[in-house]
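What follows is a group of structures, each given as structure tokens.
Heads up, the next two complexes both have chain A, just with different partners, chain B and then chain C.
After this line comes the complex of A and B, so read on.
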């Protein structure tokens, strides 16, 4: 192999430009809408105009007569021809009311946007026109919109087969039995009774989430001999495959799901198994022709990306010295219909409740959660899965406590950070490793707090209101089987197949399906560093169930934790084999550790004259498997699985500075500073990008975005005029810094990052706004926080 | 959405009352009205075609009157369905009073608009509906102040009712909002019908 100067580098920790970017920015990306199959038909859904109504009739006769129309599928057909989506493979191992539902609405529509029928035509325009000819006779029913009112015994029910609208209820503290929990609750009450300081607030977070550039899309293809192939915008193709098989009653070996290599963002909302996919796949089998559905932006905003939506009534007890003693929380989540495979809308608030204690050493806790059905779209996972609202509540409450006892909120935080890991939180979440104080001190070393307080006082004297806010977050680094099996009925391990071809190129196959995070680049760096080759010599395939090992999906920061570790493990197994054969060929006794993989060669370090090209040894083992060491066979391919013994985490701390204009309530985030423990970094540019994106998303969710349902359950924010996203001009300068501790539980010391990261943002932002307005004693307990809201508060406080 | 206004009509109350009972006049005054039929003394159905931006819709409406106190006041509740365009539900009250030789018509309407129609945008819907409700009454006023005897001719020959979008365009209102206004005008017409 020719000497490539690049090979001299250590690829780990290098700011390597993303391999995928060239094709993406030159229009060479291939998304699901770019895939065209011969004879392909186009599907369009007819969706409910009502939030809650009985389906009196669905008349498809006129639509069937329309030009180009091939078929119209209704809920009745789905119910009789397919199984429901309430299949074991899609059900968590948690006690909840799981509604039975089908690909299309049957008997009732339960939210504005509920799919009622699917029209299939030769082109999309014909399908759209014909969809308008489907006549649906609705008989309106009273709507269930307020989750608290929905618990009243006389409330209408979203699912009439259920006794009430309470979908899920759980206490997260105090043990497994009622007796233990009652004892714990009494103990917490005793702490509250004797505490110096008690804070109680009702924290409300609106419905908001993520809006990927690429909406959902499904292309299904049927062959009598090979079965079903589905190209699906999904983060978890292997789970989808099993779900398609079970719902459509097709043997699983006859189902192949391919998540296209290029996906325009997942953010969690492409992780559920969706009912639309079932209808498209069913239609394709029925018609024997490929059928494609590409979701419109309107449909996307009506149906998916809606998360958060919680009310947390949180009480905190503390000592006057600033020691946090106990937290008590009563959580309510407005789940919508609860009709989304894998998550059922309640798994997010469930995990949000688990993650509520954050990085603080609470002595005790009493927390519970109720998840309630309403006539709204089902909550779908969104980055910062479930804990955007609980983290907002805790980070705000901590500040309120600090102010009450006259302490700097940053000092109170440091005082209560978990000092040593591992640690198990009051809700039972395991924090494996890291150094929270190191991360915190790194943050504070870059914040001149006394200097800022002087600047703040001087600015105030001139009528200018500056504020500083802090926040922090413990986030999951991948989701261990220990949590994944109960939570999602799926394994947590990472899996990777690594194959070295006779020309010395390395193929990596992973069953997860990334959505633009740069997996090709990151994985290529790991493989290049492990084998001493160039990242250009690697080829990564993901998301195709026909060619990749089983993976639970690109979810929960599994890349840097589980997938990366599985890749490394597989590479090490092949290194072992290559050095074993090489030592045999060289006639020496040596272990793998005595060889260096560098610059395209494998070098015996005790005698560097004994060396061989990486390609040569690959070719020798794959193509010429004679005279091998005893017990060895030819071929260079292996699949490795990685699972840490316990769950793993990453950690971050944030500081931000804001300026508020009193007369209007307008505010601007001036600066955002972070300190991160992300373990060993593979590509700092990609990690920086994850953090930038997370902070932007957190701010956009907290300030701009909001899904609004009116008093009839009409969803009023189904376009980007009404569902407002932040723009670049709204965003502060973001400075990301690192104070990492290598993870001792992964082979490369890496941590999975980025998924939970937005959750620290709303607390820090609102803490800064409150800090700026301390002279007026304003509190913020609800999101979104907008200039108009702030102005109302200022007005009420007599500031304007 | 809520609308409330007082319209002065240049005719005595009795004549206004009679005109409000004349489906032919109302059919003309409602832009895009294809049919207007009484199914009982207090129940009516109507069909109005409208083009609303990208949505071509035919609104099928039904309305019931109550608390009738001729010729002073009544209330109504009704519903119009526009298929894929969405729907409107309305509750309204109307009251007539003398104003010299003219009549003051007071109305208040509360409407819930749903589906795609309702998602187009709130404040602009309110403003435009109000403006075009005024246009409906202007047309109504013009029709009933014609010399006696020409009413039937007007009803039989006037084609402007099918020319709503063009008129709206002339008035400087985009076709998008014209459609909503047409639906509102229809609802107001039901309100006036007895």
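After this line comes the complex of A and C, so read on.
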């Protein structure tokens, strides 16, 4: 734990307005599309019109003749001039069929939107004009769209070099050997045979995900002496750097990747390493000129942000007293082409399967997953990484069990919550700390369930249908190396360099790359609290591999868990040095704990007349390193790495109230209430915002958003007229409350939050809808849940 | 999202100037931009590739709402102005209903009634509402000749109207008969979205409060804005009771072909026609009675 917490003026837990907001809301942000380099060229991709077709020929001659065109790159060129994206640095340590693919399609196109060629011209208009002149001769092939049908032996194959379309399969329970797993499966079967209550449903979740305000963008610059510099909308620049080096065969020290300080949202979809980046970087090296590509919204909706897309056939066994006994799940994920670096589309459903048991004390489980190639865009990570569908299935199934035995779903949940942590789930996920019951009881104390039931009955008597629904979620607080290394072939630790300059300003360098979460503010609060200075005195640099220590990226709630902890650790190292020198200068023997960092000064607490300004002592150590204590040298800079011994979590519980109109199935979410364990909070306003955004995303995904492919595999939702996003007017009033337990494994007791948070939403929403319509006995097992669907159910049930 | 080459941009200050510009181009090569809320997207996606964009925003005579014997609305009148126009009486109040819920604030501040009608997108509100209200469309051609086309003849099908490429829509004229009320309501998946289905109704009441004349139209169906005369006929004699309206809406459902897509299947669209029909009937009858 940190020293002398009482002596720090508390910037921790303060609703400090975001430092970055003035520039962002006054148009002063600088995004990749705002960066212009001398001589910069503009790139546009020619993309496949077909979901599955052989590339007979790609004729670029007319495009090359078009005004302003400098070059046209094709798949054949990429294949011969660069390595494939199937590079070790981008491969998880999990056994899967990893397709070999290049920056552009070679031989075949495998989804609608597959990049076939890239046109480079002096301006963007010329590039778009010329792209229309690229003549691609396609020979259409039968499409693979239904993941279950794709497993048939006679199904066409997405990747012809593979024996079948089964990309990945895994059993998550029962041990490492076939024998152990068979034994476990038999044991689970015995539980099901003797259980009082068994529920089995096929839960289907559509393709949906995230659509950040800023699409992708890449600006690559080449210099014969310094090599490649890439400005990239990325959440993980350090991995990108290694990938560029390996694919383009450039020594890694000659590659610098810069994630611009301002990025308009990531939500996971800027975490993979994308093929378009390779083509842009290749072109800039080939031409010796900067090349920039800014993704259009059409391209974005056709290529990225698509997640979820699972079918989970889930069985739950329970006792008639409401004890959950066992779960058995057969998961199927529709991965698309499986062609994105780092994740390959299957890592999300993999983690979704791991996270399936949620916060309940199952006695046993038998769960597996099959991930199947189809002719669709590859799944890309999206906040609530992989477990939006599995959480939906479990939270719905728990409600179905409760109704079957005549118990309040909230009572059944409480009864089965893991009562004490740490705990290891039936799929082997480690829950480090927290108090689930405290979080749950905080939620229920604000719900007044008996009161609601009365209100509900009265409303029903008047033909008004109200319902209440619950859900909860154990979420990862950062991703520990123990999970990151197998899953993404990267470390989990957080790293931060802290440099104090002679003027007493604190510079923080981090290798992660935020996209609007407010790191500048929260990190400044940590630094201010640690050094007793103003948050204004901290300057943060992120995302530049040339100036920051290695970071695995702004992913998986790594901020409050790993990055913040590394910053604190590094600050503590410098506090130690500053107090050591100060004690020496004051001629006293004192430890760091005997000094307070407060109001811009370092004060010896036994004799407060012995004090010195923070700036003065910084200047003294950096600029005047004479008469130092023995063994000390000048300078105030250090890099610290933080990794907890075990993975960490955060936890939330939700309740929502809905009203359904029978005549149309139209419904309104009236209220959303949450109870959160986020550990110690750095900035409650920012945490509230994370929760609001997550709940909005969860609702929007569950009700409105859907990526739709027609039966030829054409992407039908490549604009916002068809890919429907919730508006503010569609959203309920959201009340976020806290019942936190400080995390014992981080120096500040903080937890990383926000990443998995949307996953509790679809279950709670649908539980409320079902609760409202209990008189008609309808069930919801598929998303999206739309008024038209609900109305059909009501009609089938004879309600209308 | 970069348009094909546009050779010229003109911003005429008068109608005369606007039609003079048209004369210099082959039909279709010069395109009018009214509010730009559809045509800009169509240009950026290269669905249309005009040589010249003629921006109508500076032409004062195309703007504004005046009430004389009837209601006259300039083609370049923006949604925001229609939404807040108190001078639009009960007979044409459906215009306000529609304008208030087109897109978002930014769209309403730029989009125009004339632009929407001339674009005639399948999922839009103004074509259905002007059709339901029986507007008269006043056109001026490049030679300075005017003609008037009734709404029923103006809308030919999705993205098609009776306006030729050498004509500009100058204004729309609406009857404002007494004891007449109209209303419009749509449903879309998200708030103020394009209509999955919208219903416009206009009723005139006799001295006994019974419907003596009716017009009804729908938005959102694949055929685009469509008038439903079977429903109008069924509404005659109605006092606005739920039962009589239900009968009329059933006639509408029987008369039109609904389609199925991911937002709503055909049965659900029919149900929306029924429920929206009840809502607009309640408002239109109340307005006709002078109660709303």
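Please note the rule applied: the second predicted complex is superposed on the first by the 791 of 800 C-alpha atoms of A that agree within 3 Å, B and C clash if a C-alpha of one lies under 4 Å from a C-alpha of the other, contacts with A are read in each partner's own complex, and residues count from 1 in each chain.
In this text, a residue touches a chain if its C-beta (ideal position, glycine included) is under 8 Å from a C-beta of that chain, and two chains touch if they have at least 3 such contacts.
Since the structure is predicted, the reported quantities are computational estimates derived from the model, not experimental observations.
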**Report entry** Which superposed partner A:296 touches (first chain B, second chain C, both, neither)
**Finding:** second
Requested in this report: Look at A:157 in the shared chain and tell me whether it touches chain B only, chain C only, both, or neither; answer first, second, both or neither.
Outcome: neither
Requested in this report: Please work out whether A:50 is in contact with chain B alone, chain C alone, both, or neither, and reply first, second, both or neither.
Outcome: first
Query raised in the report: Counting residues of chain A in contact, which comes out ahead: chain B or chain C?
Result: C
Requested in this report: Using the superposition on chain A described above, determine whether A:83 touches chain B (first), chain C (second), both, or neither.
Outcome: neither
Query raised in the report: Which of the two partners, first being chain B and second being chain C, lies in contact with A:122: first, second, both, or neither?
Result: neither
Query raised in the report: Which partner does A:704 reach: the first (chain B), the second (chain C), both, or neither?
Result: second
Query - Touching partner for A:729 - first (chain B), second (chain C), both, neither - result: second
Query raised in the report: Thinking of the overlay built on chain A, is A:254 touched by chain B (first), by chain C (second), by both, or by neither?
Result: neither
Query raised in the report: Which holds for A:721: it touches chain B only (first), chain C only (second), both, or neither?
Result: both
Requested in this report: Go through chain A and flag every residue that touches chain B in one model and chain C in the other.
Outcome: 132, 721
Report summary line: So, in the complex, the side of chain C touching chain A is made of residues 1-5, 45-46, 104, 187, 189-194, 262-265, 267-268, 271-272, 275
Requested in this report: Using the touch definition up top, name the residues of chain B that touch chain A in the complex.
Outcome: 56, 83-84, 86-87, 112, 114-116, 118-119, 121-122
Query raised in the report: So in the complex, which bits of chain A are touching chain C?
Result: 124-125, 128-129, 132, 296-298, 663-666, 703-704, 706, 708, 721, 724-727, 729-730, 786-788, 791-792, 795
Report task. Using the touch rule from the top, collect the residues of chain A that touch chain B in their complex. Result -> 46, 49-50, 112, 131-132, 135, 710, 712, 714-716, 718-719, 721-722
